[in-house]
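Take a look at the structures below.
Both of the next two complexes hold subunit A, though its partner changes from subunit B to subunit C.
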Partner chain A sequence: MARSIGRRLLPLLFLAPMLLMIALAWVSPLVLTVYLGFTDLSIKNFLAFVKDFFTDKVSITLDNFRRIFYAEDPYVGETLRVTVLYVVSVLSINAIYALALSIAIAYFTKNELLSMILRVTWLLPRITPGIIYALMWIWFIDPKYGLLNEMLRLMGVPDSWLPDSWLLRKPYSQMLMIMINGYVGASFGMIVYTAAIKSIPPDLVNAALVDGASEFQVARRIIIPLLKWPILFVTAWQTLSLLSSYEYILMVWGAGSGQGYGIARSAGVMVWSLYSYTKAFAEHLYGYASALSLILVAIGLALIILYFKIFGFRRLMEPSRVEV
Partner chain B sequence: MARESLRKRKTKALLRRAAVVAVILLVAVIPAIPIWMMYGWLVSQSFSGRVILGILPSKLTLDNWRFLWSPIKMGEKEYPNIWPITMNTLFLALGVAGLVVMVSSLSGYALSRMDFKGRTGMMQFIIALHAFPSVILLIALFVILNKLGLYGKGFMTLVGIVLIKAGLEIPMATWIIKGFFDAIPWDLEWAALVDGCSRWRVWRSVILPLVLPGIGAVSIFSFLSGWSEFLLVFTYVAQEEYYTLPVMIYHMIGEFIHIDWGMLAALGLFYAIPTIIFFSVSQKVLLRIYVGGVKG
Partner chain C sequence: MSRIGRAQIQTTAIALLVVGLIIGLAVGYLVAPGKTVTETKTVGAGETITTTITKMITETVGAEGTITIKAWASGSPVDTTRVENIKRAAEILNQMLAAAGVNVRIEVETQFFRGDYMDKLTAAFSAGEAPDIIAMKNLPTLADGGYVIALDDYVQKYWTLLEDVYPTLWNAVKYKGHIWAIPQDTEARPLYFRKDVLRQLGWSEEEINALPEKIMRGEITLQDLIQVAKQAEEQGLVEWGFYHRPNWGGTPFLILYYQYGGVAQDPDTGKLVLDKDAALKTLQLLYKMAQEDKVLPETMIGTDWRTIHSDFVNGRVLFWFGGTWHWAEWQRVEYHEQLGALPEDYEWENIGFALVPAPEPGLKPMTLSSPYLYYVTSQSKYPEIAFLLIVLATSAPLDAIHAVDSGHLPVRMTTVDHPYYKKSKFHSEVAYMLEYTSFEPLHPKYTAYKEAWITAIAKVEKGEATPEQALNELVNTLQAEIGEDIIIR
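Up next, the complex of A and B:
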């Protein structure tokens, strides 16, 4: 009897620390976000709220969602547009450009050394600590000291097309936002795709080559169809993380005066998640900011459920597997 | 006739090869030029006295590295000494790594080896958490930090951040280390159990030594993610003396008028040293982890 109780308790003992940490860092903030989204929590009643989560100084209301959905906050519409632009363009770099890149590196490049150099190069953006990556971009686009304008001039881009500031002029700043995140995304896609390409049985490719297929035909008819799952995986995974990622945007555009929150807005790079962050930590409207986050949480949960349906449990865990 | 078709075929093959090379150049090499320039600049600028156009160093000097032995000044503003800040960063990274390894090596073992109700459900839950972007929770975590009385408390705020960061990393770490446990044959455990070992003893003295590579991978990974953590410290730490390196670099970039590219480059390089070392030592394992929770 004692033994069987022990047997049942043992897994719990091993799991308890993890469950505790998950409760602290995941479950309670998730629940709290839902609650906060329906409150008018701000700097005024914050201290009272921290003392007692059910204080009557904080009222429960649907105002936040009215402001979002009935466009009472004039800025929501533009934020939404920027977010769609951001997610769609970076996602296409992630999924499609990275695919071309990986085929070029892992299949077209026959020279091992060159292939390795290219792979390491394209890895760098993802493994470099974010702030250094941001610092290098800030230097690179600097009109006076940086090289971007110089390079574009060399490539024959007329002077009148080049902005005096990549950070502030609008279409340019948005292009910059896409480039900065695009390089990191291409990095991610490349890691998954090159692993998958390497695991394709060489017989398949060789057979096609013997039959007279060109390299391009091999890429189109054999490699890409086999990468169906990795492509879906990268798209799914990146959609979710792009919706909520604003770290690089904050680092680059936030690096101005007065905490820099103003720059992101006028530069047209204020994405939804950064907007929520700004509302919370620059304007101290915690309730409204949580409502904005809550919409992302809902989208995130819906997507995760969808992914479980599409991929099944196993496939979600083995992104680089190729099914021959 | 036959000759001509052979020549034709040769030209065709040559053209095809040229097209392949063109694709490689266009897709993989030319877009990589900015990357090479940026990293080249970072290194040469940190040893150069002048602000240089391009990536060639000029006027070699160690002056940019003076932050290692003297206080940092940019314009009017004086920054805290680099070493306490480095210690803060190190504390954060080591704290996260230690906590993550302790917790996930227990839970990973339970998920890999023990049979209990809700095991599959728990694994799905962990995967779902791993896929869920944690930055969304920043606001609620701020409230929790306040509730725990850890906000604005100097060093204790850093302790709170260690707890939160470790908690956020644990689902993924558990999954990775479970993969390492899965790879160990059952026989070893059975043998030990038959000989009268308790489950706990088996875990500690038979299995744990065998998953040392896994533990190494997870600790390096969580060390690096603690080392590069930016948002939590940036958002939750108000006092300058408890900044970590990335947050200090961020604030120094913010001083646009007095920007000192040389020192920033040197500081950036100094900060990147652990990342560079760990990556060159163990890139294969780390890569797999970076992709997102693949078995080790």
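Up next, the complex of A and C:
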């Protein structure tokens, strides 16, 4: 009896730290965000609010959502457009470009050492501290002292095509936003894909080659179909993380009262999550910022369900990721 | 100014104050022996104030003990005097208490931030750990949110220590019928120009030196300077004719708007105002400068501060809409590629300053002041002591140190006679600008107002919208964001 209780409790004991972390770091902020999203908490009523927290004295309102959905907030439409551009573009780098890259590195590059060097090169941005990575970009794109314009000039790009400011001139600023995030994000897909490619039994490839298939046909007909699940996994994972990621945009374009806030918007890089951040920490409209984040949570949940239903997300969780 | 100079002045000020207090006490004792001196009796200025202060402190703290006052402030690297002066004020108060035989000592803990620290302040408030004194702007938000206390009673009680505050500055601390703060500093926002470039353009020394006065009299307008800027660009003397701030900061946008007859706040209702005509003219001028005359970079909004300072200090830009504090900043921060931090002599030789010129003939030159303020927070356990510290921290000797070292203008009329202040040539030469100054509105939704403006300005300068389109967008945004609190006319 005691042994059976012990057996049942033991897994819970091991799971407890993780469950506790999830409760503290995910569930409680979510509950708080839901609650705050229905209040008008701002810097003006903050002190009273802290006292009346979770009591009847706090008035519950739908105003924040009305502002968002009835387009009473003039910046919502543009923010949404930028977010779609950001997520779709960076996702195509992270999921599709990373696939081409992985096949190039893990299959076409036969020299193992070279393959490893290439992989490490793509991992560099991920192992570089975020703020250093952002600073390096800021220096790299400086129109006067940076290397980027100079490199493009050497490659024969005419001066009239080069922007006077990569940070502020649309669409260059948006291209920059996509490059900065794509370069970091590509390594995640690359690791997953490379591991998957390496786990494809060489017999399959060799058999195809003996049958007269070209290298390209091997990639097209054998490798890519076998990577179906990793591709779906990377796509699902990256969509969700891109929706809520703004840290590099924040570090490069800044946010804060007045200055950075203005730059992100006038540069056309104000994505939804950064907008929510700006509302909370630059304008101190905590209730409205929570409502904005809640929309993201809702979109994220909807996408999870979509992936689950349409792409058979459940199968991604099964042990074998490569079906042979 | 050297550190020794400051230290000497500080020591002299403290010594004079202590001697004065001791004499005051002695005279008071001799004149009225055995009588209880009340706050209202005026036996001698020193005695009254000292007695009031010591009585208040012993009643609040007890006969002996040490209390800690926390002070937070923010600003550019040269503005640390905002917290240092609180420490100096505590030293003065401690000397005063020691002289009066009271065994209470005040210690000051300070924090200085480079940017906005409102989020840290709210965190401190919710933890019950808020500082006693804060220095920032944001008056309506702080007052409406209950972060700071109204100071009317203290101001009345200690009026003798505040008589020399510039009367106009009291307007900047009044909100909803109360006084919420003490002015900490103020400034003017001049148009700086490169004398060396004007010389290369063939201007004589007399012409260069007469420029500020001609601007002041309205004889030279911004239109004239735009032509000078074009000429300098054509001759390859500078890369750009004009630079303005990368963000709002009032200059030159609000100044131009005011010059064109715009009003930002309705004096009767306190609501924010957008005069469409003045706003359109402001946007048209900026559009013309960036898109047609090409004397202003299209991507000026958002350019980083270091580039701006570096380009102006190295002579790559002819005119810069800056602030008086930049004069001090260039002497302390290494912006110049060969010289590093600028010696003041270099500044006098190569850089001049004037009011923001009238944008067109017939209009007036102007500048803008945005006083920085000291507040006492609602969580302070010793609000009256905190109040005394901010009063002393802005008294003439300390006001002079902050004004001269940080390039701001003083808040006390007596500061201009202080030797440390008198020695500063820059300050005596910019003093006249306060007669041409204007102020920003005091409204809790001013942030949204600024943001809408800056978005419109960025669009016209980049050529993404015509001034008319940008104005329409500005009106719509203001109506959506500010609602009933904006008057569009």
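Operating definition for what follows: the second predicted complex is superposed on the first by the 275 of 324 C-alpha atoms of A that agree within 3 Å, B and C clash if a C-alpha of one lies under 4 Å from a C-alpha of the other, contacts with A are read in each partner's own complex, and residues count from 1 in each chain.
As a convention for this text, a contact is a pair of C-beta atoms (placed from the backbone, for glycine too) under 8 Å apart; a residue touches a chain by one contact, two chains touch by 3 or more.
From a predicted model like this one, the values you see are computed outputs, not experimental measurements.
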| item | value |
| --- | --- |
| Subunit B versus subunit C as contact partner of A:307, first or second or both or neither | first |
| When both partners are placed on the shared chain, which of subunit B and subunit C touches more of subunit A | B |
| Subunit B versus subunit C as contact partner of A:85, first or second or both or neither | neither |
| Partner chain(s) touched by A:208 [first = subunit B, second = subunit C, both, neither] | neither |
| Touching partner for A:266 - first (subunit B), second (subunit C), both, neither | second |
| Subunit B versus subunit C as contact partner of A:74, first or second or both or neither | second |
| Contacts of A:281 with subunit B and subunit C, given as first, second, both or neither | both |
| Touched partner set for A:101, first subunit B, second subunit C, both or neither | first |
| Touched partner set for A:50, first subunit B, second subunit C, both or neither | both |
| On subunit A, positions contacted by subunit B and by subunit C | 46, 50, 256-257, 281 |
| Residue ranges of subunit A in contact with subunit B within the complex | 8, 10-12, 14-15, 17-18, 21-22, 24-26, 28-30, 32-33, 36, 46, 49-50, 53, 97, 100-101, 104-105, 108-109, 118, 121-132, 134-140, 145, 147-148, 150-151, 183, 188, 191-192, 195, 214-216, 237, 240-241, 243-247, 250-251, 254-257, 260, 273, 276-277, 280-281, 286, 289-290, 293, 296-297, 300-301, 304, 307-308, 313, 316-320 |
| Residue ranges of subunit C in contact with subunit A within the complex | 115-116, 118-119, 122, 125-126, 141, 144-147, 246-249, 297-299, 301-303, 307, 378, 444, 447-448, 450-451, 454-455, 458-459, 462, 464, 473, 476-477, 480-481 |
| In the complex with subunit A, residue positions of subunit B that touch it | 16, 19-20, 23-24, 27-29, 32-39, 41-42, 45, 51, 53-55, 99, 102-104, 106-107, 109-111, 114-116, 122-124, 127-129, 131-144, 146-147, 163-164, 166-168, 170-171, 174-175, 199, 203, 227-228, 230-231, 235, 246, 249-250, 253-254, 256, 261, 264-265, 268, 271-272, 275, 279, 286-288, 290-295 |
| Interfacial residue positions of subunit A with respect to subunit C in the complex | 43-48, 50, 72-75, 144, 164-165, 167-170, 253, 256-259, 261-263, 265-267, 281-284 |
